[in-house]
């Protein structure tokens, strides 16, 4: 009954097998080997375009280094006020970009809107040296609320951003889960809708530590190899990240993993909806479920071994917030979550 | 016949086995699991002291983040002018420390001396705001020339450094190889000799990507977890680095690996000494061998499949430099180098 | 009729006279001369304590360098969401601190409260590496709304901050105006109430370019000379800043200047209160006045040569906002504003 | 008898007069006033080209901000190993460029050569991620040795730099002195010879604090206003810097000042050449003189009130170094140095 986070799981089997497969022999260091080149090609196939893809090993590095290419002196990134880049990365985007600001916007269920961007541009307009340079928007797909932008929502945001000379960054830590949730192809959900820079996450969905920064306008990446190295993110035995991607992409394994964790989340939601003492706080669209549960029941489940985190309910409208005897919780499913884990959890709170 | 670098090998078997062993099940993310705690304890056992050890995944991160704790505004690090941190890390130490300078010192065969430090302190003395703050020395063990400092050489450097209010950093990318070369214990080669901060490398000696920053005065590390995260170097599935270390340390596997690669280097040296058309450029003490070889012979070996790099001979005294028909090369042995590879290489150049 | 900003004035007479007085002769560079030392002593007299005072030449440098001493890796500064450091300094506090975040808090009329700080600490709590390190609060005195914190308000904020291990920074760009508004001594408004670091502004109140970073715990400033130099803010002919301060402090000239500009603001407020087509938007306490004026009248005044800026009314409660035919404006008085300028402006809008 | 540095003088009369002249009245802040615009135009006249000129207030800011525009991630600047930017600015170029390295080159009498650049490019070649990005060369005109590059030397350096995709920066802290020494026009000594970015210094030659970063390819300056502000170097009462430049340029006052200080230096050199106990260490070409003086005589002069600094003689060939009873000293003349000061000094050492 482990629902703390999808990064509590290890690597899934095909990923480990690929690692084993590529362990022997000598391979040029620092990403010059055949496997590393094949992986970049694989990204181009998956995204159906001549993108530039750079492998890194943490989502924080992917986000911060990717955004750093879009933010010059005094750069400002508009994002949801609860975005991971603004709240959860210890200032890495600010540090690795030499001081860019993550400008928080309000938005329902973790989503920003073109209107919010325009309000942000009133606070940080173009051409006023004191306010700095508006540089980019960043959207999390899936969002920090487990919701997912539709393709047309992304296109609207991108269109507003581009009309205002802002680059479009997508934090895709849970890219596959969102993609399946909205039933889009990788291309549709990104460059076809206007995304310029993507943090493509694999770690939460079955890899050990495999992320990529994907540039849909390769010219934006002209100095990226130096950015990556300067921040200490170029691996000598790079093939171990590349191998993870090989296993991850093989026979659509990544989609299988995401489909599974989404399905486990749906099972959880169904159970919550049927429960007399709990309910989904809002409609989940990915592998994250936010549930309002009676405090005593949640305590009981924890005693029985369920692991899951409290969550601040400040993002909810007052009328939707937990009652005094209730609390908001986050429950995350992963490729390793089993149906019986979900059922056991539901039984534990309902007992 | 692969002698390009020790990072062209993959992970050694016990390391992969540990990864496999720890793959299943759920483990708290970001290093809070039992395994991660056990690894820190393991470092304390190995170094026989209550050190603080922080796992990262690249040597560049270990060096740059470690040094950043020792360098305030205008900070200056004295190191050999050919030190990896000064020449080969794309400015990462400068960037991650917000502008510290790596101040190059002359020195024979890759080693700095107390005299060189004192000369450096004349150029960047304490208390002159224009020159910045002298902050630390950094020594590479083994050095960029494949040589190793003796314990008393380290102690002399550290004593000079501490007398001048400088921290002592050791770049131990090839720590185990150097340790065996000088027949010292981990403690003797570090804190007992005065080292304050150590970049402990495992990647070149059998891990995929496992390095640690070890602080022998834990107070120096008070904000290190924030430095690591802010630079994007905190891994969510941290156990995969910890597991590498488990395999690496188990049954002295790391020493076996280093002993082997040193031995292969010795075999290579012996062969070079016996060769009519090649010779060691200077006495090697680790797994790196620098050889002066007749150009035509080196070409021949390359055609037969030997892989090794040219090396600048500017570090040699004029009388020791290659003749016109010769060239200097670097040959690196790893845990995966086999005796027959060495012999084949020697035969290839001698043929 | 110039009310655009107090920095549209030049230097006041005693400041220029001091500059002239100190122009001749040779003086050691970089602040080692007698005058520079005398000025530090002068700060200690004025603040009745052994503070450390460092002269810089812009308010942005004073704020950003001062805050950088209080913010380690992942550092976070809690401030009003419209604070100058967060909105108007092009990311200088973020850049010069290597990535600290300015965390915006809500607050009425430009003031933050202990409650807001505690709410901020829920978002960025101590000890969670992902959220970074809560480091300091920063309050603007006078505020961006022309209001001033009372001594007891400052003491309450500082007490809350210190209880939560946060340093207290005061942005005193309009220090003298605020001090007179609340009738406090320099000591009472700062260290006696708990302020640790002060940006002491003189530029807006009669100097050319004279600011100081004042540390009430001199140990906090141990590396400040390096911070200042590393950012390019150490002047060779430092005496020209010191001389400005000599003239500024002489015979309480600085208080005379501030008293005058506050008085001009009061005259303006009285006129607005008496006006049929305008009113103060809220009670001003310094030399900044925020006025709601009928649009047509404001236009008329502008045509007659009055210079003043529109201001966003988003900070006002809906019921206090301008009506459709009105607009919010900011009017700033300086030492150089004459009563007849104020009267002419009032006549221009009332006509 | 003050020869410590040219920055021990105050501002020259025409500079102070211009300041006084522009003190009254209201002027738009942050450089938008007429005077500021006129000054940029003045730079274009003086340099006979449509350059972009940005006023700052310290030479360190001018150098570091100017260079930051030319150095991307891992950027490397080739300069003389004793260049001010490498030795005397407390790491400001490294800090304000987010980690660029100042790569020291050997060179006779403070000058770098095309050969030295090519040697540097062997150490930091293009396209090797570990070594970073070779970005620019920086030459000091006049040099740290008081010598000046001829126009053809500059052209050769620039041609070598451009052929190797390096920008050309000139540190012109003593621009006017060098220009007169080599009898060139501003245009000839800069863009016509290939200089891209110039730090134009006025402070040492009669201003209080007036420097400019001049871009001869204005496109290089596209984000410079944000760089300047982000580092805290945008002044609100900018006219006080602009006014200094007005006085400085008026009726060729700047040339008069530099001609005078050069002449005083020549008088000093002539005296040293005639002296039995002292001699010029090498031919001076600007307002800095380096003299080898008998220690006892130098001591005597100091007791009589002469102020001047010791200088390291490490830059001299062994045969040119001071004898055991001699020492190397630096003597700097300024616009305020009088012939009688020079004569008094000469008499003091000769007595």
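For clarity, chains are labelled A, B, C and D in written order, and residue numbers in each chain start from 1.
Quick note on the criterion: contacts are C-beta pairs under 8 Å (C-beta built on N, C-alpha and C of every residue); 3 or more make two chains touch, one makes a residue touch a chain.
These numbers come from a predicted model, not from an experiment.
Peer 1: Keeping to the contact definition above, tell me which chains border both chain A and chain B.
Peer 2: Expected: C, D.
Peer 1: Looking only at C-beta pairs in contact, point me to the busier pair out of C-D and B-C.
Peer 2: Most contacts of the two pairs: C-D.
Peer 1: Based on mean C-alpha positions, I'd like to know which chain lies farthest from chain B.
Peer 2: If we average the C-alpha coordinates per chain, C ends up farthest from chain B.
Peer 1: Could you please state the distance in Å, as a whole number, between where the Cα atoms of chain A are centred and where those of chain C are centred?
Peer 2: Distance between chain centres: 40 Å.
Peer 1: Counting in whole Å, what is the centre-to-centre distance of chain C and chain D, each centre being its mean C-alpha position?
Peer 2: Between these chains, centre-to-centre, one finds 35 Å.
Peer 1: Rounded to the nearest whole Å, what is the centre-to-centre distance of chain B and chain C, using the mean of the C-alpha atoms as each centre?
Peer 2: Roughly 50 Å, centre to centre.
Peer 1: Could you tell me which residues belong to chain B and also touch two or more other chains?
Peer 2: 73-74, 89-92, 95-96, 98-99, 129-130, 132, 226, 229-230, 234
Peer 1: Could you pull out which chain D residues touch chain C in their complex?
Peer 2: Listed in rising order, the residues are 2, 4-5, 7-11, 16, 19-20, 22-29, 56-61, 64-65, 89-92, 95-96, 203-204, 208-209, 226, 229-237, 239-240, 307, 336.
Peer 1: Give the list of chain B residues in touch with chain D in this complex.
Peer 2: Result: residues 73-76, 87-92, 94-96, 98-102, 104, 122-123, 129-132, 312 of chain B touch chain D.
Peer 1: Under the stated contact criterion, what part of chain D meets chain A in this complex?
Peer 2: Answer in residue numbers: 30, 72-74, 98-99, 129-130, 132-133, 223, 225-227, 229-230, 234.
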